[in-house]
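Please go over the structures that come below.
The two complexes that follow have chain A in common; it is paired with chain B in the first and with chain C in the second.
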Partner chain A sequence: MTNKVQVVVIGGGATGTGILRDLALRGIDCLLVEQNDLATGTSGRFHGLLHSGARYVVKDLHSAVECIQENKIIKEIAPDCVEDTGGMFIATKNDDLSYVDKWLEGCQRAGINTQEVSPREILREEPALTPDIVKAYLVPDAAVDGFTLAAANALAAVKLGAQVKTYTKVIGFKKEKNKICGVYLKDKYTGQEDLVSCDYVINASGAWAGQIAALAGQVINITPDKGVLVIFNHRITNRVLNHLRPPGDGDIFVPHGSVTVFGTTSKMTDNPEDNEASREEVLALLDEGTHLIPELKDIRLIRAFAGVRPLYQPDGGEVGREATRDFSIIDHQALTGLEGMISVVGGKLTTYRLMAKAAVDKVAPFLGNDKPCITHKERIYAPVPKNTGKDAHYLCQCERVTKKMLDQAVQNKERFSLSDVRRLTRLGMGPCQGTFCTFRAGAYYHETRGLSPEAANKLLKDHIEERWKGSKAILWGQQAQEAQLTRGIYLGLLNLERLDSDSHEI
Partner chain B sequence: MSNEKERNLDYCLKCSTCHTQCPVVKSHLPFPGPKQMGPELERLRLARGNKETLEIDEALNYCTNCKRCDLACPHGVKPSFYNLKNKGKLQNKFLIRFRDWILAHNVWWSKMAGRVPALANLALRLSLTKRAMGMVGIADRDFPIYRKHPIKISKAVRDKKALYYAGCYASYNEPQIIQAAVNILESCGYQVELAPVACCGTPMVSNGLWDETARLAGKNTDIFLKYIEQGYKIVTTCPSCGLALKEEYEQIIPGEKSKILKANVWELFELLEEEDNLPFEPAEKLADKAYYHVPCHLKAQGIGIPAANLLKDLAVDELVVDDNYCCGISGTYGFKKEKYPIAMDIGKPLFDDIKKSRATLVISDCGTCKLQIVHGTGIEVKHPAEILARYLKKAQ
Partner chain C sequence: MKYDVVVIGAGLAGFSSALAAVELGKKVIVVAKGLGNLYSSSGYIDFLGYYPTTTSWPVTNPLQALEGLVSENPEHPYAKVGKESIIRSVNAFLKASGEMGLSYAGSLDSNLLMPTAAGALSPTSLYPGANGKDVKKAREMVVVGIKELIDFYPLIVAQNLERQLGKKVEALWVELGLDLGRELNSYDLALTLEQEKNVIGLINKLKSWGVKDKLVLIPAVLGIKDWQQVINRLESQLECQVMEIPTLPPSVMGYRLAQSFMHYLKKKGVEFIIGHPVVHVDCRAGRCREIAIETAAHRLKKIAGEAFCLATGGILGEGLQVFPKGIREVVFNLPVKTAETHSLEDFFSLEEQPLALAGVMTNEFLQPVDVETGEAALTNVFVAGATLAGYDPFLEKSGNGVALATGYRAGQLAAGGGKVNE
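The block that comes next holds the complex of A and B.
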């Protein structure tokens, strides 16, 4: 790696990777650093909804307008990452119908197309819905895959010469006078520290933005806000399902590939790494969800998790759901006189491209670059295309992940975990939650990548532990049985607890 | 999504028990097996709005609908349900569709052939007919022989009423089974009537004609319900017909009607198990040693093998009962050219086992199992009703 770049981007979520691509497209020499793998922060722990904006039209019209504009653009440029399922808003007989009028008016003002359908027709198409529907509208919502989106943005940037360093943590800044001129990095695997000189830093570390700013002696008022999500084993509805009422807990179902992601909640937290869901939180969510899907509690849950929203309040204003979902670009020079750094905070995944554009528009002039943003004009591509054909050399049968996909997922990677592979391929994301693919994938990499048995064992052990983490809050019914089977295989048959793996590096 | 039946894909733990019990997996490696074709891929089909099929679904043509996967699953999943349902969505090549359509509508051909059996039997043996069948993909093998036989039924009115549903095979190919079943029922004190119902739909649904089967099943169910209301018990002797009424109709036309039907269908010997006094008496044994091949669809009814004890007591000295093997024919499957070698390979362990047992008689309830076993071993096969009717008390 060269130890000098024009811009260092901190954070490998949707925002950071979007910024990296925008910089690269404008010909700016840039490096992205991410403490874990790409999309392991909030961009990998979110609902997966490419908002049409309809959710925000009553409270936050400005956000809604941004959403619908970006919604159209992302569908165009990132078809690999988006599934254009369409969305619906449903009001039941227990809901306040005066809200429906306000909502319709808001959609019209924001320029969001709505189409009313009769309760009978929507029930015919979506038989899982409650029969208590009184109003139903279709909107242009879609599902978006945050893992693929971040990877596709990064790939596009790398092809233009940008660099990406994952598992590399920012631990400090080098300042000269009152200007940032370098970033201190630490390799998470080797512990080795390094300095990269730069002209500018863009802090896109989401819920961690306050921590990063603090390293530079800055104060940003980020209120991390935790949201819990659960995943059901199959698609419950074919469209994104929204409850047509003022935004609250447990009112969105997103069909995502083979599963349904349902949530969410909103609760202040002081730790951006607070990403475990509790059993109580899950049960409360399910209670809410039965208003829309009466049989919800009979449908198999395969996982529960949480993500942390990077909400930003300039002067310590509203928190939680009342807080704005707008994004802000914080110019530290204007605030405190510190040169060479901006922070991009707040916002939503749907508007990541707009945030990136605003950030790069701000930074480019300092670098003497006046090229316009063209990120809305060019397509981006998933690094690992989905398997849609007949290739039956599966290693993961639930999600039809092939050997070829496993090869593609680790191309050009010196080190990787099975979780990294999972994010690009969906390996282990089905109902068995890695029970049958983990040992196969470990063995496959042992064979094809020449991993030592200890290194392959470590892949296996880490992955099983990671999958287990997401099951803990939902261990009843079928998933409890599945967990027993997993235990039988890994603890009984393979003696996982005593696998020789810990003392070795990959 | 999502009704109860479809949701049972949620019960799958991926344990692969069903996979180990699928006879097609053993004989035809490219077949992905029940776990994959059923609950696993169904999630991905749902992900496509449950409208398009997946490319891999072509393999569904190889499922024989033997239901061994359903029985094997320790978690209550019924993989064969997904197979049947999705087979109906496949767009096969025209010739295959044409061939499958012919085989699916065997009842029509049978009706015609049944009118002039001698001519039909002759035609089926002509080499010209065989060549023509070969061209549309029908295997060169012996077809069942068509027979006509007037059935004698008593007109006496009795309290106990049975509506006997014989099914296509007995009706057109072995009417003596019908007479035997009627005699047994009458000896047990039943007023018997023959069901005015032709095909149950099994050949259609296994050939991918889901919608047509649904219409037929609806029509048939209405007829059966009329009799049930009048106190009739529905009695079957064909395992596949029985299973269709007991289970498949409920999957194809879910609802109250199919539930009522299900509760009122009896396999002949299942019904006899409830009788206090059985109308049989000892007579000369039919064979020293016989081999009872339990058909897959009898096994799938979950009623055990109700005829076995009677057969042991009355008809044979030594009875080998085996339900481990699928004979491979699976209705019309073994009549298809490309499946014929698989059907024979699936049946081979059964043929070997029968030969090894040195039994001189094979007993089986299923007409097409019989065709396959005769084809594979050359040994005579009889329906248990046909055998047990010989032991009815003469006094009655």
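The block that comes next holds the complex of A and C.
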């Protein structure tokens, strides 16, 4: 690696990778560092809704306008990452109908198309919905895959010469006088430390932005806000489902491939890594959800997790749901006189491209670059394209992952975990949650990548542990049964828990 | 229709109950919602592989270890039935397995270490027809994978075995050329190996590799019905020894045992109704008189009995239903011993999982008891298999062993007409 770049971007979420691509498209020499894999922060622990903006029209019209504009652009430039399901807003007989009028007016002002459908018609198309519907509207919501989006942005940037370092943590800054001139890095696997010199740093570390800023002696008022999400084992509805009422807990269902993501909640936390959901949180969420899907509690849950929103309050204002979903570019020079660093905070995944543009627009002039942003004009591509259907030999049947896709996912990678592979291919994300495909993928990589048997055993076991984390809080109903099957296979049948520890001298 | 013994559940525990009862000349019926877990499990009957569960030494002499367990852990199902009952169940099973044409070998005096599909060594007591084959004794070994099968990878098996056994183990892929346009699971592949031309194909592939005098480890897919003949042919034509390795579900080895056992019991006069859940029970004054199953057209079919064996397979078999708070026994609504938390932090922990330990508590006669008072809730119902509380089958490797031993004992007690006075 060259130890000098123009810009170092911190954070491999939607925002950071979006910034990297924007910089690269303007011909700026740049490096992205991410402490884990791409999209392992909030961009991989979110709802997966490419907002039409309709959710925000009543309270936050400005955000809503940004959403609908970006929604259209992302659908155009990143079709590999979007499933254009469409969305619907449903009001039931228990909801306040005066809100519906305000909402319709807001949609109109924001320029969001709505189409009313009769309760009967929507029930025919979406039979899982409550029969208590009084109003139903279609909006241009869609599902977006945050893993693929970050990977596609990074890939596009790398093709233009940008660099990406994953599993590399920023541990400090080098300053000269009152100017940032380098970033200290630490390799998570080897522990090796390194210095990269640069002209500028863009802090895009989301909920961690306060921590990064502190490393540079800066204070940013980030209020990490935790949201719990659960995954059901099938598509409950074909469209994104929103509850037509003021935004609250448990009011959005997003279909993704073969599953549905439902949530969420909003609770202040002091730790951006607070990403486990408790049984109580899940149960409260399910209670809410039955207003829209009466049979919800009979549907099998396969996973529960949480993400942390990087909410930003410039003046210590509102928190939680009242806080703005707008984003801000913090110019540390203007604030404290520190040169060579900005922080990009707040916002939503849907508006990542806009955030990236604003950030690069701010930085480029300092580097003597006056090229315009063109990120809305060129397509980006998933590093591992979906299987087009010719090859019907699946290693992961739930998500139709082929051996070829596994090969592509680890191309040019020295080290990887099955979780890294999962993020690029959806391996193990379907109804069986990796029970069958983990074994197959571990053994497949052992052979094709020439791994040692110890490394292969670890690859496999780590992934089962990781999947277990997401199911621990929801061990009831069919998921309790599935957990027993998984134990039956990995312990009862394969005896994997003893593989590297048993003493054999019989 | 009235029966002496009504067995609820068609897993190994239910079969074992029916065997014991029919041996005692009773009129027996087995009713079950579906097929049992043998179709997923290996087909080996593990009695006790690790004791205590946290040890890294596999049990060498299960009978001896069982003696310790029975005295140290009175809540364990093995302690409820005792050593003599366990031995009786093994003898009865070995005899029956010979008669059903599926000879099992092995004994409670020693565990054999069997290679798993991950290349670990797993201790087991009873195994089908593999007498005399032992990876520890074999001089030369080759692990064979079949390209069409999605669930078996010979290289990882070979390298893991090599590390543990300290001797060279080869790995080899063969392709049978059956392009069916999709990946095959073990059962699919075993079906294709029922065809003569595919068996010949396999033999020819192995011939060109040269496996003479070696122990050939191959996934358990060598046919469903005629597997013993297939193995004999491979062994005689290739002058080698052949040992099957159980695979991920669907398990062909387990399938063979389930099918043979059921046919055998039918021949002995046991009736079967499979495919309908028990939805209603008639219990009065501490005794069950009658159960009802729901048949296709939502009709109830009543089945009366002197005594009942409850072998509904726990959480996996759906005899126990888990709720966010609490666990329900589905047939009789019996008291269930549950744990506060459902799970441990780590999946691969060597501590017993709370959810596995949960289940129906019984007295020494396998009668369900009140968790608090210890009093029998029903006196002519005997509980067996995975529905029982107090053990983690996957960690200690005892699933099929507990099913066999408790099932046999439950069947014998039920055959006594539910009057327990031995």
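The definition used in the following text is that the second predicted complex is superposed on the first by the 496 of 506 C-alpha atoms of A that agree within 3 Å, B and C clash if a C-alpha of one lies under 4 Å from a C-alpha of the other, contacts with A are read in each partner's own complex, and residues count from 1 in each chain.
As a working rule, contacts are C-beta pairs under 8 Å (C-beta built on N, C-alpha and C of every residue); 3 or more make two chains touch, one makes a residue touch a chain.
Because the structure is a prediction, the values reported are computed rather than measured.
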{"item": "First, second, both or neither for A:Lys472, with chain B first and chain C second", "value": "second"}
{"item": "Contacts of A:Leu494 with chain B and chain C, given as first, second, both or neither", "value": "second"}
{"item": "First (chain B), second (chain C), both or neither touched by A:Tyr444", "value": "second"}
{"item": "Partner chain(s) touched by A:Gly257 [first = chain B, second = chain C, both, neither]", "value": "first"}
{"item": "First (chain B), second (chain C), both or neither touched by A:Pro131", "value": "neither"}
{"item": "First, second, both or neither for A:Phe436, with chain B first and chain C second", "value": "both"}
{"item": "Partner contacting more residues of chain A (chain B vs chain C)", "value": "C"}
{"item": "Contacts of A:Leu485 with chain B and chain C, given as first, second, both or neither", "value": "both"}
{"item": "Common interface residues of chain A - those touching chain B in one complex and chain C in the other", "value": "392, 436, 481, 485"}
{"item": "Partner chain B, residues of chain A touching it in the complex", "value": "127-128, 233-238, 255, 257-259, 295, 298-300, 388-390, 392, 397-398, 400, 430-432, 435-436, 478, 481-482, 485"}
{"item": "In the complex, chain C residues that touch chain A", "value": "37, 40-42, 49-50, 56-58, 60, 113, 116-122, 136, 150-151, 153, 155-156, 159-160, 163-165, 181-183, 246, 248-249, 314-316, 318, 321-324, 342-343, 345-350, 353, 355-356, 393-395, 397, 399"}
{"item": "Touching residues (chain side chain B, partner chain A) in the complex", "value": "1-3, 7, 9-15, 30, 32, 35-36, 40, 42-44, 46-47, 49-50, 55-56, 75"}
{"item": "Chain A residues within the chain C interface of the complex", "value": "279, 283, 392-395, 436, 439-440, 442-444, 446-447, 452-453, 456-457, 460-461, 464-465, 468, 472, 475-477, 480-481, 483-499, 501-504, 506"}
